[in-house]
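Residue numbering begins at 1 within each chain, and the chains themselves are lettered A, B and C in the order written.
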Amino acid sequence: MDSYLDILSVLILLSSIILVSHKRIKSYIKTFRIQSALIALTAGIMGWNSLIEEGSLDILVVCIIIILLKVILIPRLLHKTYGSIEYKVEKDFFLNIPLLIIICCGLVVFVYFSVSNISGLNEDHINLQVVNSFSVILIGLFFMISRKWALGQMIGFLVIENGIFVTAMFSTHGVPFIVDIGIFIDMITAILIMGVMVMQINEKFESININKLRNLKG
Amino acid sequence: MIALVNNFIQLLIILLLAPMVGGLIKKIKALTQKRQGAPVLQMYYDLYKLIQKESVVSETSSWIFKATPYIVFATAVVGALLVPITTLVPSARFTGDIILLFYLLALGRFFMCLSALDTGSTFGGMGSSREAMISSLIEPSILVSVFTIGLIAGSTSIYEMMGAMSSLGNPLFHPVFILTFLAMMIIILAETSRIPFDDPATHLELTMVHEAMLLEYSGRHLALMEYGAAVKQLILITLVVNLFLPMDQFIALTGAGGFILSVALYFVRVVFIAVLIAVAEVSTVKFRFFSIPNLAALSFILSFLGFLQYFVLGR
Amino acid sequence: MGLTLWLVPLIAVLLSILIKETKLLHIANVACSFSLVLFAGFTTKIVMKSGVLQYDILGKLYYLDALSVIILDIVVVIGFLVSIYSIGYLNEELRHGEVNAKRIQLFYTLMYSFLFTMILALTVNSIGVIWIAIEATTLASTFLVGFHNDKHAIEAAWKYVIICSVGIAIALVGIIFLHLSSVDVIDHAHALQWNILYDHARELNSPVLRLSFLFIIIGFGTKAGLVPMHTWLPDAHSQAPSPISALLSGVLLNSALYAVIRVLSIVNKNLGDSQFTGKIMIGFGLLSIATAAIFILTQKDYKRLLAYSSIEHMGIITLAIGLFTPLSIFAGLFHMINHSFTKAMLFLASGNILQKYETRKISSIKGLLKVLPISGFAFLLGLFAISGTPPFSIFASELNVFLSVFEDGRIVLGSLFILLLALVFVGIAVTLFRIFFGEDDSEERKPGETNPAGAAVLVLFLIIISVTGLFMPDAMKELITSAQRIIGG
């Protein structure tokens, strides 16, 4: 089972790097969907394992919730949010895409060097999984910084939450159930609120370029 | 001595199979587009037809124009000598022969770029510059992938790499190799000038990369260039097939029987990769030229991450 | 009895959704917040007698001890006074045509959800649920920050939601590491529960615990307004409607620091001394005070000035608690109380000023004492208070922080601290002089208070902060001392 989890952690990292390399909003949402499906698969495998070993249904329920929320519901919300926006492809970047991808790779190297110096995270297989999932968090943060459109920040936030969830899964086999449920409720509320805010920004500022949100200074 | 003979037998098999792989990919693409498409063996008929025709050479070109088809074909054939189809029988090999392989192919490509400039036509010049850029962008990815596999196999000789990979059982389920496999698939698409790097079936000279360099050739020169490109394609597919989908560890027969079974399994795997390539071609479009660095960077990151995962695993 | 603290805000939210008539809504609002004060008072009495209040629902989730009760009382009292003020404020906004009845309903619904999530953060045992509640406070207050719906408000709300959500996500990483450090010691059923973590603190995995503290201070520090994660604070606190600014500044920042303090006590017990955490907390505290001092000197907008002053005081509290001596922890908690009351009063007064003058610029405010006698007076004295002038309460707590710093032998730290506070005083004094001299030259402005209940609230605040500065009631002293013992061990 561990080797499947290794492969899945690699694929999840891969999906976050592919996310950085896209320019169209539809591709962002599609890649996010694939990443969430991979995470649901990971949760499913771990849940199945915990069901057989300890008889607890917690992680399997969490897996089903992920499928409902992140694979089905949230992409639909995102589609609705960006439906009202005029342009669907992001043209303006701070740095060009190959450079962004190489910086993501640099982030993975950085995480590897940091994590390998912390005892308690240092056993063989856990090391690989934790490095990969922690890199997803940093890559999500980087994605948020590298995009000029407000929608990019929403998706970056979602990727950060994905990364945190996988890190929790891989390092501690999940947090207490009530905390998990609370995290999901918080996340979906956050996305709803951010979606409404993006629509309001679009209305008031005529674009979702966050560089135009610079009136308050000092 | 036996090893060298084995190499030649495998070379003959590659030379025989090479034109069919291209035809197979075209057929699959046609079927997905609900057309009949050309027959799978079409390229053999084309080569036969081309060899019989006269070859027209421009007066303003130099010896490079005439020499290039032979160089391209020769490098492809020598490269094919280096790549074994099966690890069941010993092949002649030496250290570093994978590096020699890729630079032989690069030599062929170098001369192709020069010959396209030789005739003085603008389309040739454009094709050369684009081909040079794509190949220089994809080269780091090739080397990092090759060195990752070499690091795990403990050698840079292709035969030993294939042997090490087949002893791993199922390389694709390994975190390092799944990334390297994806990187190599993108490399194959780049080196064989397929969508999304270049459309092999286009007739618009302004968008051509590989085809632009073949524009001025005719007759036996064209036949040699096309055949060389087909052999190069099969070499790369053979590499991928034997490194990432090894089946030699499952063959219990030895001697001639084992060899024939191995070749048959090889053929099945080549068809599988050809189907993968066809599916990849059909599902995307040719990228804008300035979007190609994105894809090349992605390929480099895939191979680099594969390399990194090797270290993270601590092995 | 303690569960009423959860039920009352939820009932208030329900009522705000159902009741459509404004007058009835105002009455329901005040009734709910008053009952919250009563219930909180009872709960405080119970905690003072028996030390801990814990109920067995949802796996011993409900938990109150002296530390949480102090902050809970601040939340509830300020909530009550703000809700009285809101009546007059919203009626004035209604008269100006800025809001309609539906928006007032939205206001109250969101305000009580906000109060509920803050009370939830303070009354639970599990650090994971504290995280959930604090993230929920961000979500509940986003639309409150963007309530005015103009360009500036939406920009402030967007920055608020993004920066705070990312910060809270980083805090979640810290909580996961906290869980990781305890995975060998505590079984899954009791994971992340504060009192069990505190009991087993010495057995937790130290390197992972240190890493988790780092993430938690950065994450929750974003919510508490520590520099350099503070960039959302001036915008959000200045663009929100004034009663909400009072709640955000006076109450929410405390709750975020509360989460940090809980984890801090575990880490310090594990490591044995407060060197590691002390360096980080003092560093963040000093940086916050310094940055706030610099920005206060050059402020042109009076609400932003108050926001930067919040950053400064949060820095002082962080510094005091990071120092981790008994006197400094006592001073830090005392400062929390004083800052909340003073800042709430200032923001409410500034709300009246904003409604009267319709501008946020300091240079446009002239002749304040004639136009708004009570609010102006409260604002003037409040500015004196917030910069640390005796006899107000902030002076008392800042003095205690000084004493604890110098007692600990940290001369350099102490001198730096005094220097920065002097800078802040200069900055605020300059603003004071600009506002309170000159004649008001506009004809449409009719002098006089438009929010009588609000003015009464301001006077009440003024009395509280003056009295606490001179004389601390025994009950308060006992409560803060037991809280300090919980933190310091």
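Keep this in mind: a residue touches a chain if its C-beta (ideal position, glycine included) is under 8 Å from a C-beta of that chain, and two chains touch if they have at least 3 such contacts.
Being a predicted model, the structure only gives us computed values, none of them experimental.
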Report the most central chain, judged by the distance from each chain's C-alpha mean to the global C-alpha mean.
A
Please indicate which chain is farthest from chain B, where distance is taken between mean Cα coordinates of the chains.
C
Rounded to the nearest whole Å, what is the centre-to-centre distance of chain A and chain C, using the mean of the C-alpha atoms as each centre?
31
Which whole number of Å gives the spacing of the CA centres of chain A and chain B?
36
Can you check how far apart chain B and chain C are, centre to centre, with Cα atoms defining each centre and the answer in Å?
66
Once bound in the complex, which stretches of chain C touch chain A?
58-59, 61, 126, 128-129, 131-132, 135-136, 138-139, 142-143, 146, 149-152, 154-159, 161-162, 165-166, 169, 172-173, 175-176, 179-181, 183, 188, 191-192, 205, 207-208, 211, 234-235, 238-239, 295, 298-301, 304
Which of the residues in chain B end up touching chain A in this complex?
173-175, 178-179, 182, 293-294, 296-298, 300-302, 304-305, 308-309, 311-314
Report the residues of chain A in contact with chain C in the complex, numbered from low to high.
118-121, 137, 141, 144, 150, 153, 157, 160-161, 164, 167-168, 171-172, 175-176, 178-179, 182-183, 185-186, 189-190, 193-194, 196-197, 200-201, 204-205, 210, 213, 215-216, 218
Within the complex, chain B is touched by chain A residues 3-4, 6-7, 9-11, 13-14, 17-18, 21, 96-98, 101-102, 104-105, 108-109, 112, 116, 124, 127-128, 131
